[in-house]
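Order as written gives the chain letters A, B, C and D; numbering starts at 1 within each chain.
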Amino acid sequence: MDKTLSSLEDAVASISDGDVVMIGGFGGSGAPIEMIHALIDRFEATGSPKDLTVINNNAGNGKIGIAAMIDKGMVAKMVCSFPRSSDPRAFTDRYLAGEIDLELVPQGTLAERIRAGGSGIPAFFTPSSYGTELAEGKQIQEFDGKPYVMERWLKADVALVKGHLGDKFGNLTYRMAARNFNPLMCMAADRTISQVSQIVPLGGIEPEAVVTPGIFVDSVVEVPNPRQEEEMVRNGEAYA
Amino acid sequence: MSWKKLSNSQIAWRVAQDIQDGAYVNLGIGFPEMVAKFQPAGRHITYHTENGVLGFGRAPEPGEEDWDLINAGKKAITLEPGASFFHHTDSFAMVRGGHLDLAVLGAYQVSQNGDLANWRVGSKGVPAVGGAMDLVHGAKRVAVMTDHITKDGKPKLVERCTFPLTGVKCVTRVYTSLAVIDVTSAGFVLREKKPDISMDELQDLTGGKLHVDGAVGDLDVPRIEE
Amino acid sequence: MSWKKLSNSQIAWRVAQDIQDGAYVNLGIGFPEMVAKFQPAGRHITYHTENGVLGFGRAPEPGEEDWDLINAGKKAITLEPGASFFHHTDSFAMVRGGHLDLAVLGAYQVSQNGDLANWRVGSKGVPAVGGAMDLVHGAKRVAVMTDHITKDGKPKLVERCTFPLTGVKCVTRVYTSLAVIDVTSAGFVLREKKPDISMDELQDLTGGKLHVDGAVGDLDVPRIEE
Amino acid sequence: MDKTLSSLEDAVASISDGDVVMIGGFGGSGAPIEMIHALIDRFEATGSPKDLTVINNNAGNGKIGIAAMIDKGMVAKMVCSFPRSSDPRAFTDRYLAGEIDLELVPQGTLAERIRAGGSGIPAFFTPSSYGTELAEGKQIQEFDGKPYVMERWLKADVALVKGHLGDKFGNLTYRMAARNFNPLMCMAADRTISQVSQIVPLGGIEPEAVVTPGIFVDSVVEVPNPRQEEEMVRNGEAYA
């Protein structure tokens, strides 16, 4: 069993028009920026994939990553908690023009819905958003005298995540706060593709130090010295 | 009665042949654990145990046990390279969330609509369910391995289970001491049978109608030293 | 009008005085983050940020940032000894599960039954909620820090919120530029007010009835260089 | 902030009659056997705590640990998935005599209910147990055409867990499969008390290697070279 791929091109080859794609990261931390750009390359070359639903905490920043996907017209809908950033122009322009859909989900609910999708839990109750406009139309139930909102699981066709170390079985670790949504998204997609800074031999990650067990990961591609989205945005870089 | 039943080892051998390279598999406590012994050469199979280990291997030599390293049957195990530990909810996320390719379970009864009864035979004694009710949900294939009939000759494949259920419409394939049978929306569909038993004899030992859909293969299993 | 409002730093100072040694605290993005600067000496307080860090410290020096190590406001942070990383559901389990002693949030409006509006002011533009709707649930105390009135002099403590709600009956205490007010089943209960403002003046600037239950302390805050 | 305690006696001092007590471990792996025995010592000396509800995957084995608690008459009710073991006499005798209650919960549901208790999720839906006697009386709901059973969170007054390394903030790691229910129970109790094999200085556990962040732990007591329940049962030991 060897889940390693030799190129970013291979990593993103199987994503189709209309797919639901989870993309890890919180802002730039843990964002698989090189895979996103490989996906943009494919779109530029072939016109696919398009009409994507992208699930991410945010909705892109500056002119790179998810923002560049939006600028290119690849994204039909964003599911996120905070579609704002230091430079939110890409999403804001399309949203205000009615050219992109938004499903706004409270951050903790977003995380829990993704975990539920990966865990075979079709629905759960949370206090979050009760009494607000984000609970409109949702099932409400009282437990122990307190009202809760029912939320459904969230699944995806593909998850693109960024790990730190990976092995050929797909075991992953993450670097510091770059963990965020990545381990959850690994669980909730039909296919999970991870870029990692280093592929290590089996046993190179201690069994107790594995954060995402390989069962949740389908493919691993090595991207040594990955870029930091935040630095790229601060440099004013664009992925044209 | 000219036919001879497969031994438990032989049933386990047959189950093992169907497990593909790269599969993630949970083998139920007891009889299903034997499947690992017959893993065909050249295939890499990752075994999951619901107490929180992925990628475990053979039992340690006597005296070499580390009792922090056990399987769901509380037997000592060893690790293969690339193994991982995780807590119980992550472990059952693997089960319920559809991440396992196969779960193999024992059975008291399997009904023709795929219901499984394998956790208790009546209402007496101390009930104990463990992970059985979770394991029947989520794995891409839920296989049962069992003797075809009870010790007193009654069918274990039935129209409707009479023992308390473990799960409803969950079993996808049954490997018995006489046959390999898929459970489909049409009921039991015979895929393989021992060459020494006739269709009529097999039907007589089966509580639900055995359908045939395409060729019925020979259930040929090598002799295995017990 | 002889009274003078506290500065944001002064409100943050006042909030910090109420945080006990050993507390686990989430400070909302923006203005509430200032509270950490005024942590009284001798108290150990553990700060949580919802993107998955417990036990972070001050911002790094410019040029020393590691952008894998950020807070929920996407600012670079540093770690204190004993810090830990975890994923988003574990992080929100800490929030929703009642493990935080205190969450401190900003507000557009707080109603006398504890409703909070702090995520958007109308239906225009791009809505963004982040973790606010989670942070108002679960922490043992949910405190709001805010100017007492809007820029054009309208009350921010109101009978009923007119802006879209973040949460219902969730705020337990409000620290304003003029007063410290508990939100109880009886409504707003004044605990402290600036000595230079009269009860009548304060009530005029408050949208709901200010109840008094026991002594009202002086809201005395040292001068702070901005 | 220093959560370390100097004795097992202190560790179990605050447990009261009638408390709901989660006890970590799966069989003997990860079972805080020394804390359990300290609790028995206290009961022998003072008559308290009694009438306990104990939540554990199993219901004791042999004449030690939870089995010894049951033998002493400290336990009114067990919540578990598998009240059987190599020597289940202690629970079996009392159960068949009607002297102890049993709430039988499928193992994955037990884990998820505990996690829900720690996560502010009052209820969730699972496919497990649908159509069985263990779903009787429970709310059923269909999602995407499939029926699911609603399950409630599970909380406790106290959790007794066994870690491997711990620090004075309560950060914990676990040894191999001894992890099992321990990290979940840490989240779901009002007070979590952990025995660890070694207390290390702050920073002695890498921030990325922390399995249970200290926010979930109230007290830590060092028990160097802890016993393995399995070996004690095989030796025929009794905690009399």
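Throughout what follows, a contact is a pair of C-beta atoms (placed from the backbone, for glycine too) under 8 Å apart; a residue touches a chain by one contact, two chains touch by 3 or more.
Since the structure is predicted, the reported quantities are computational estimates derived from the model, not experimental observations.
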Chains touching both chain C and chain D: A
Between chain A and chain D, centroid-to-centroid distance (C-alpha), Å: 35
Distance from the mean Cα position of chain D to that of chain B, given in whole angstrom: 30
Averaged-CA centre spacing for the pair chain C and chain B, given as whole angstrom: 56
Multi-partner residues of chain D (each touching 2 or more other chains): 112, 115, 119-121, 126-127, 174-176, 179, 207-208, 211
In chain B, residues with contacts to at least two other chains: 85-86, 89, 92, 95-96, 137-138
Topology of the chain contact graph, where touching chains are joined (line, ring, star, complete, other): other
Chains touching one another, given as label pairs in label order: A-B, A-C, A-D, B-D, C-D
List of chain C residues in touch with chain A within their complex: 50-53, 66-70, 74, 85-89, 91-92, 95-96, 115, 125-134, 137-138, 164-168
Chain C residues touching chain D - in the complex, by the definition given at the top: 21-22, 24, 44, 46, 48, 54-55, 79, 81-86, 89-90, 92-100, 137-138
For the chain D and chain B complex, residues of the former touching the latter: 26-30, 81-86, 88, 91-92, 95-96, 102, 104-112, 114-115, 126-134, 174-184, 211, 228-231
Residues of chain D defined as touching chain C within the complex: 1, 115, 117-121, 167-169, 171, 187, 202-203, 207-208, 210, 213-216
Residues of chain A that touch chain D when the two form their complex: 112, 116, 119-127, 141, 143-144, 146, 148, 152, 173-176, 179, 207-209, 211
